[in-house]
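These are the structures in question, set out in turn.
Shared between the two complexes below is chain A, which has chain B as its partner in the first and chain C in the second.
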Partner chain A sequence: MSANKNTQTERRIIYLVLLVAVALPLIFPIGWKTEVSSYTKMAWELIENTPDSSVVLFSFDYDPSTITEIQPMAEAMLEHSFSRNQKIIAVALWPQGVQMADQAFTVALKKYPEKKYGVDYVNLGYKVAGIVAIQAMGKSMQEVFPSDQSGTKYENIPMLKKVKTLKDVAYICSLSSGTPGIKEWVMAARDPLGTPVTGGTTAVSAPGLLPYVNSQKQLYGLLGGLKAASEYETLINKIGSATIKMDAQSIAHLLILVFIIIGNIKAFYSRKRGAQ
Partner chain B sequence: MKYKIPLVFAFVCGILVVISEFIPHRPFNMLITTLQDWFMIISGFAILLGQISLFQANIKKIKEKNKDWPFYLAGLISFTVMLIFGLLWGTQEYRGIFGQGEKIQATVGMKPFDYLFANAFMPLSSTMFSLLAFFIASAAYRAFIIRSFESNLLMITAVIVMLGRTSFGGMLTSWLPEGLKFLHLPNLSDFIMEFPNSAAQRAILISAALGIIGSSLRIILGIERSYLGGEK
Partner chain C sequence: MSGFMTTFGLWLSVFFTLSIFSFLYKDNPFYKLSEQIFVGLSAAYWLVYLYYSVMVPNLFNKLFTDFKGNLILLIPTALGLMMLLRLIPKAQWLSRYPIAIMIGTSAGINMVRYAKTDLLGQISATMINPFASDNVITVIGNILLIVGTICGVYFFYFSKKQEGIRAVPSKLGIWFLMISFGASFGYTVMARISLLIGRLEFLLKDWLHIIK
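What follows is the complex of A and B.
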């Protein structure tokens, strides 16, 4: 009973210390610099080297639970794409991805207010069926999305005049936190059609997707978690939410390391007492 | 008959999809396009079915006063409120039955559905996901203990990756000379992710793919019938 109570007390102390450690850097930012990894650089290079006026596709395959990690990536990548004068098609394979896209565009448009809906960007909305919807987009975009979010017919949207299938987009950027997401875009768009795919995901999902960043370039780089989002912000010279939150995440990681050390010291003394 | 017709459908559709991958020409490419359209239509109905099922399951639990029934009630009320607001005043892009709800928009700044989405659903969802950090911290304290060779290996890897994924980790070893840059924490962390991690992930991916092929064949050939329900 006493051991159980001790464990509960320890857990509460850990929660409290972590809460304070995460909150303080958010209130008083430290400003630690983040080094850019090769995966982030690769994704940045794909957008950077895509010619002006190319039509590109962003897929918002996540919901509000993961906005802390993925929304800063979406905002930074949209801003980068706008800065290269690319025309952006937004779609969503997750129902709440539509709202995520709207919010990301709202932020990006503050920096690029001259961008016009239908000419420079369009939100085609949500489509059910995941990988099958992607396969269908590979045959006809118009059949899958007969109109955009506001009901404008596909053929009446100026920037979509020359976009018949997924083969007509310069690259696909999937921001995903599960299934359907990046893996489905690789399987149904990159492999059969050859359209380059890049994207961003949560830190916990990234290890499962790294095998796709290979010599065949199934994935052109990958942004994994808040750190990658802050790396991307560094690359486009932006001090965004990821850069600010990165201090808090760094402190949290360090604190977890301290907890591991304390846990080991405690286990060592427990074993020693047991042996005696 | 109740089971035979779905089994025949599953066999014919499954075989058609497999053949179309190897012969992407008429008539298979046309048939597969039709099947894809069917799948998207059925998936749309599945959402509706899910909502009905959610209602039925929750109402049953509330009626029977199951454990934690007030939470099921809260879920149902939230669902109904969002549904009604969405139907009556629409969302950002769509009109509702009562139009655009200009008066409400003038008061709260956006439509009721969008207001609740932005100010209730989004913060609540993020909070649920953020709670993971507390559990991870507590689990790390109890689990990463030096016991054996394997546990040591796990702990050392975890420490390197964790430090390598922070801004502070990079600063810790930034003084290393060029010849020892491979020991730089972010580089070490990237190495672990790129080679040992990717190798293990590939093995898992290949095993999972083989498993999917096996279970798909069982479904196509009618050996696996649990998806039909009822019959064992």
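What follows is the complex of A and C.
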């Protein structure tokens, strides 16, 4: 009973210390630098090396529950794409992805106010059916999205004049936190059509998607979690929300490492005591 | 009025955030209340949201504007209604047909896609010349990739007892699997901490205005 109570108290102390450790760097930022990984660099290179005026597609496949991790990626990648004068089509395979796209565009447009809706970017909205919808986009974009969010017909949107299928976009960037998401874009767009796919995902989903960043280039790089978002911000010289939050993230990781070490030492001694 | 609603919404968010966090101390009525409201609200929200974002644009709008041109939509409509018959015990058997069609279609579509992406694509990605690069780190990485893949797959070969020399790749495979599980755990910790950061940012920024 007493051991149980001790464990309970220890658990609460850990939560409290973690809470303070995460809150303090948010209030008093440290400004630690982030090393850029090869996966993030690869995604950045795809956008960087895509020619001016190319039409590209961003798919917003997440909802507010993962906004902390994915929204900074979306904002940074949109800004990068705008800086390269690429024309952006936004779609969503998740219902709330439409609002996520609007929010990301609002932030990116603060830096690029000259970008015009319909000419430089467009939000085609949500489409149900995941992989089947992507497959259909491979045959005809217009059939899947007869009009944009505001009801403007596909044929009346200037930047979409030459975009018939997914083959006509220079790359696809899926920002996803589950299914449908990056994997579906790889399966239904990259592998059958050859259109390059890159993207960003939550840290939980990243290990399952990293095998697709391979010699076959099924994925052109991958942004996994808040750290990758801050790496991308570093690459585009932006001090964004991910960079600011990384101090808290790093402190929390260090603290967890300390807790793991303490836990192991404690377990070692209690086992030794038990043996005696 | 909109100012009041914004402030009210903010305080409501703060209340529910703190109520959920209170579970870390111990289970309590505030946590229970928040949990129940979240479940109920989510179900209602998704029902309405999906009705307006799926049913209305894809079915009702099309049928009301051009019924003759969209006659084919009556098939999925009928199948959808048959699915709902699960709620009536006597007609429950009819719901098996749309379920069968869904499973069959999904299996058909996914079989081809998964075979190409997850089987052929991944096998091709492992068939590389490990010494093709001038960079030593890349060469080591390539060798680890090939050895790790072969040993990892071999671990799941159960047709012969893995003993003696046959146990070596299997044991190596376990090591690779353990390391990958460790990496996954690390990523999971990172994701959970990110969620905590997100909530704390909300409390410190939007509510308390301590940070900008």
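Definition applied: the second predicted complex is superposed on the first by the 276 of 276 C-alpha atoms of A that agree within 3 Å, B and C clash if a C-alpha of one lies under 4 Å from a C-alpha of the other, contacts with A are read in each partner's own complex, and residues count from 1 in each chain.
One rule holds in what follows: a residue touches a chain if its C-beta (ideal position, glycine included) is under 8 Å from a C-beta of that chain, and two chains touch if they have at least 3 such contacts.
The shown structure was predicted, so the numbers you read here are calculated from the model rather than taken from an experiment.
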Side-by-side fit of chain B and chain C on chain A, or clash: clash
More chain A residues in contact [chain B versus chain C]: B
Touching partner for A:A170 - first (chain B), second (chain C), both, neither: neither
First (chain B), second (chain C), both or neither touched by A:M77: neither
Partner chain in contact with A:N264 - chain B first, chain C second, else both or neither: first
First (chain B), second (chain C), both or neither touched by A:K245: second
First (chain B), second (chain C), both or neither touched by A:D63: first
Which of chain B and chain C A:L46 touches, first, second, both or neither: neither
Which of chain B and chain C A:I256 touches, first, second, both or neither: both
Chain B versus chain C as contact partner of A:V132, first or second or both or neither: both
Touching partner for A:W32 - first (chain B), second (chain C), both, neither: first
Those residues of chain A which chain B touches in one complex and chain C touches in the other: 15, 18-19, 22, 67-68, 128, 132, 135, 203, 206-207, 211, 225, 227, 249, 252-253, 256
Chain B-touching residues of chain A, taken from the complex the two chains share: 10-11, 14-15, 18-19, 22, 32-35, 37-39, 63-68, 99, 102, 125, 127-129, 132-133, 135-136, 139, 143-144, 149-151, 203, 206-208, 210-211, 225, 227, 230, 246-247, 249-257, 259-260, 262-264, 267-268
Footprint of chain A on chain B - complex, ascending: 33, 36-37, 39-40, 43-44, 46-47, 92-93, 114, 117, 121-122, 125-126, 128-130, 133-134, 136-138, 140-142, 144-146, 155, 158-159, 162-163, 165-171, 186, 190, 193-194, 197-198, 201-202, 204-205
Interfacial residue positions of chain C with respect to chain A in the complex: 24-25, 49-50, 53-54, 58, 109-110, 113-114, 116-117, 121-122, 124-126, 128, 180, 183-184, 187-191, 193-198, 200-201, 204, 210-211
Contact set on chain A toward chain C in their complex: 12, 15, 18-19, 22-23, 26-27, 67-69, 95-96, 126, 128, 131-132, 135, 183, 186-188, 191-192, 202-204, 206-207, 211-212, 214-216, 218, 224-227, 245, 248-249, 252-253, 256
